[in-house]
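Note that chain A is present in both complexes that follow, paired respectively with chain B and with chain C.
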Partner chain A sequence: MQPRDGQTAEKAPPMVRVEKVSKRFDSVLAVAEVDFTLETGAFLTILGPSGCGKTTLLRMIAGFIEPTAGEIWIHGRPVRDLPPYRRSIGMVFQKLALFPHMTAAQNIAYPLRMRGFPRDEIAGRVERYLRLVRLEGLGGRRIHELSGGQQQRVAIARALVFEPDLLLLDEPLAALDRKLRQEMQLEFRRIQKELGVTTVNVTHDQREALVMSDRVMVMDAGRIQQMAVPETVYHRPENRFVAGFLGLTNFLPGQLLESRAGRARLRVGALTLAGTIADPSILPGTRVEAALRAERLRILEEATGEGWEVVEAEILEVVFEGERLVYSARAEALGEVPLRFVDADPLRHRRHRPGERVRLGWRPSDLMIFRADPEAPTRIGQPEREDNG
Partner chain B sequence: MKRGRGLQRLILGVVVFDLLFLALPTLVIVVASFTAGKIVAFPPEGFSLRWYQAILDKRAFVDAFLRSAYVATVCTLVSLPAGTLAALALARWRLRHALAWQLYLLLPFTIPLVVSGLGMMLLFGRMGMLGMLWPVGLALTVINLPFMIWGVAACVNRLDPDLENAAANLGAPPLHAFVTVTLPAVMPGVVTGGLLMFILAFNEFIVSLMLVDARTVTLPVLMYNSIRSTITPDLAALSVVYILIAAVTVWLLDRLVGLETFLRSR
Partner chain C sequence: MRPLGLRLLDFAETLRAGIFPARLSGWTPYLYLLPATLVTGILAIGLAEMAETSLHVLDRATFRLDPAYTTANYAAIFGKPVYLRIILKTGLAALLVTLLTLLLAFPYAYLLVRTPHPRLRRLLLVALFLPFLLGQVIRAYGWLIVLGKQGLLNAALALVGLGPVSLIYTYGGVVLGLVQYMLPFAVLLLAPALTAIPREVELASESLGASPRRTFRHIVLPLARPGLVAAGVVVFTLTVTDFAMPEIMGGGANDFIANAIYDAFFQLSDPGMGAALGIVLTVFASLIVALAFLLVGVAALGHGAQQDMRAGS
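Entry: the complex of A and B
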């Protein structure tokens, strides 16, 4: 297990410190006791479904919303009494919020004008940042004369030109089409690395979170579910929610038999399976769910070596997704829940037809055991879909 | 294929007829104004500009024209801040009873102009303002304000809800953000609404009729009074002046806002 956070403490105060921050709207607790720190230069992505509180958290950092409880520190200074225009934070908004009556260059110059920079320095900086976002020569364009990707670049230049302590991204890429979005993810990442500005990004797109960030914070129901480096969040989820939110995950409902030193055995249907368990507090007899990622499950064509769990299954459905095939199959021994698994190299493998019987295998170390989600006892993890909610 | 072409011709015919029908009154009056005769007639008798000379020579017409311009200016100046702020408040602030406010501001539309005029006649009479010109502009502001609000609201609703947040985030205190971001961003709506208010006040007849007297008569009321005695071609010439003012307004709108934007916002 990776440490949760804040293990790389330096002498300087962290750039962002969020201390037990909560926000209540009438009867709804939108953000519940969120607590974390972010080192200077880090890129954090807050990932979660809509309504999980991620945007509220971001807006509290920006100063548009006041926390109900808790304290936010930026650069070692509490910001409770600082209005947004006195905080040194650049933000790229969901719909960009570029000023429609100004040119690209005037938009970028705006924060400098507000801060009383001398005229010639404004011109120089605007030029430099236009270059940084690769918009040389387009400064004179009106906003509506620019393409979607170019508008994104203006918005990021405007948020960075005054060299803020912190950059906030409020799902600015959500409205873009997939190809442009992936291009802009890398572009944001390049600029962030080049300037070394501490960044907090908010998204519901797990791919974006994994691609762009040094740190990923998964949120649900106003609470932090896990905060770690992307690889850890993906490969070592701490709870059922995180395991289901990232990737294409199968869940097998069962009962814990024994648990010792991170290894455990559980009963699923008629079988006893071995797996890993992160939470030592789960007692034998508890209802649990075993998570098995679709890409860790595969068809075993020939007799297998040691270390594989194997079940018989019947193919139900095959979906062609271009670079991979997604199968769904039923293994009677594991109950009625369909199992999904992927063939990542469909050109080299025979395509199995629905109704065909196959042998499915996985390694016990890939089976992750969690306390069962009381609300959805047999739900299968969200499919890997990039919707633009 | 042949039947399709027949249908196409029919539709084309209907469209041409409709367009002509829309323009017909205007065309007739324009043509009639160039008559050389002594009565309004269509087709006109010969061609001359004598009736244009006639309206310029007639002091009463020129004065009434200037009074109409004055009334329209007062109306526009009052409605610009009132309508702009009302539209911004309705669209941007989470007002309590927002719907009730909206209905209240649209009230003038639901009341016949005769009734509004009567009410204002009584009120202005009571306040001793009946012989004055500027209260007429105020009255026209009241009856036409919904147009101003609509003009601005159409523009505000298209704005990014985070526009002011962005300004604050970039370092602008509230008042500064309003002046440098909000106001310029809704300017197309303000210009549209303002021009609309001007032309409506310039043309307004019913309410004005009840509020003016012989010394403060505005152009539409004067024209009406003239028609009641004799219909001379100078009225046709005056009508052409109105058409010109409307054309100038549309031209201004196109220059300042862009007709495309204006038509899309309706």
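Entry: the complex of A and C
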């Protein structure tokens, strides 16, 4: 089992320890006091919007960027004075960065050659890793003779062949089309599990984060917003940003009335609603926002029993997405903001038309209350840095 | 009544259809090639005539070319140490200039391409182009002012009690002047080749365990090869055919083939010998270029290598 959030196992040192690391570019604080540990064998995905600092953090671990403050430890050893080529880190780059003047096998052999492996061992290992990424027999191909998915496989074999302490993935799947991306997500996961290599992945794709990782770290404005197992990050977001970044979420602005032991009531428009609250420090009277996931809201066809919060609403729009319908509706009692909700089984349900009036319901335990996003806070973050031409 | 403008256009269209019927329009692309083909063709005719001229010796009694065909001019070129020395000196200088220029141009182009500071990039570009705009003759005279007997360099050396050193009218001076002249060409030809190497590829090499020096040797240098060959070929051919720099900086004692050709035509009034020297120079330079392309493939001058790189990224 993976140890939960930040609780360090006593025995071996964690594979990665990032201690209060910050990075400032001129006047921009790209990464602000990021602090976490990662156990050996874990798969961590850093998830966040463009410019949240996730790539900067990854490049600091890789050694391409030096932290302004803080210390990074890999395998119990501070790496401040180690250049990238002395760190035992394999990295797969966004644009793969394969060497076009070499064959697939030569690409994979490169780190072994640079690390002075004996010739016969290089040949054996290259064979083994070609097999691992299912490219048997294609080692002699030039890079441009390989398909996008095959190039991905060469890149990951090259990053792993020297058995590094740590594997870093800098959004290598971002450029793939959806189908191939989903296939490669599972493929990366399989290889990672098979080798047990500690991995840090960076992405802005929430699905990728949830599918691939043991742990997800959500970043925004250079700070960790939440770090936990995927289910916890999705179902129990710690703040409004995390709640909004993952999934399709409705936000209802309101005012906190009372809060006790994780349960709370708030006033939204003319209504008083019950919900859950994670942060006990929010005082009654504070401006809050209630988050309601689209899949937790549903149309109640007939009078339903206990435990449902119900509002009248008018359907505004229906979007067919294949496996589901996405509705948007206006509930006058909750204000003007349209509510979005999904019908996950459109074949069995009647399709409601725009203009129709319906009863929308949800369970109070699905309503999550957060401190309101202080409008336009001092937004710290770096503009996406593209180092490549 | 249609407006006058339209009627004029109609008329022009009818005229065009008469001169160049639509069924010939498939030939249009070839038509566009015609001017360039003509220019090249004229060059070929000139070359043929030059080859013909080179096969006649000068009759020193009449100062006319002897109509009889002979290879005496070529025999003279390859038999007389004067000409052999000039050819050798030209080739050696071209080799030296090419090597030195590439050596200097590579870091310059690399910095130009890789620097994250736009202001530094601008400065590098301006510094590159400023002398580029001056032309070779003016620059050669500039060198005379700096390096001459009473030049800036010797004045500075005299202040510390050294010198005078004689740099002009020497072989080294000619090479120095040529390197300075060729540098912008080489940088401009290298820069696109280096731009085509993604920075990520270098980072990848470092993360895979290669120090910056080994990254340069195993990744940057091989990927920059098309640019290096292109720059090398241009610098070599420009040097091997150069006239002004050896003329001005060499002071008559360090002639290149081009100066010998000039002398044959205008000092000795021997067009046969001049033409023969010209043919030797053309063949010599062509062989070198052919050899370079044979080594790396013709694609080096185009974008073949860059396409490879994009496919790999």
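In the analysis below, the second predicted complex is superposed on the first by the 369 of 389 C-alpha atoms of A that agree within 3 Å, B and C clash if a C-alpha of one lies under 4 Å from a C-alpha of the other, contacts with A are read in each partner's own complex, and residues count from 1 in each chain.
The rule we apply is simple: contacts are C-beta pairs under 8 Å (C-beta built on N, C-alpha and C of every residue); 3 or more make two chains touch, one makes a residue touch a chain.
In this text the structure is predicted, and so the values were computed from the model without any measurement.
Engineer: Identify whether chain B and chain C fit side by side or clash on chain A in the overlaid structures.
Structural biologist: After superposition on chain A, which the two structures share, chain B runs into chain C.
Engineer: Can A:100 be said to touch chain B (first), chain C (second), both, or neither?
Structural biologist: It touches chain B and chain C both.
Engineer: In the superposed arrangement, does A:53 touch chain B (first), chain C (second), both or neither?
Structural biologist: Neither: A:53 stays clear of chain B and chain C.
Engineer: Under the stated touch criterion, which partner chain does A:244 make contact with: chain B (first), chain C (second), both, or neither?
Structural biologist: Neither partner.
Engineer: With the two complexes superposed on chain A, say which partner A:143 touches: chain B (first), chain C (second), both, or neither.
Structural biologist: After superposition on chain A, A:143 lies in contact with chain C alone.
Engineer: According to the contact criterion defined above, which of chain B and chain C contacts more residues of chain A?
Structural biologist: Counting residues of chain A touched by each partner, the higher count goes to C.
Engineer: Scan A:151 for contacts with chain B and chain C and give back first, second, both or neither.
Structural biologist: Touch status of A:151: second partner only.
Engineer: Mind checking 59-67, 149-157 or 221-229? I need the stretch of chain C that runs into chain B in the superposition.
Structural biologist: Answer for the clashing stretch of chain C: 221-229.
Engineer: Of the residues on chain A, which ones does chain B touch that chain C also touches?
Structural biologist: Dual-contact residues (chain A): 62-64, 83-85, 89-91, 93-101, 110-111, 114-115, 158-159, 162.
Engineer: Please name which positions on chain A make contact with chain B in the complex.
Structural biologist: It comes out as residues 62-64, 83-85, 89-91, 93-102, 110-111, 114-115, 158-159, 162.
Engineer: Within the complex, which stretch of chain A touches chain C?
Structural biologist: Interface residues on chain A, with respect to chain C: 62-64, 83-85, 87, 89-91, 93-101, 110-111, 114-115, 142-144, 151, 158-159, 162, 168, 387-389.
Engineer: Any idea which chain C residues touch chain A in the complex?
Structural biologist: 113, 195-201, 203-211, 214, 218-219, 222-223, 307-309, 311-313
Engineer: Where on chain B is chain A touching in the complex?
Structural biologist: 159-163, 165-173, 176-177, 180-181, 184-185, 187
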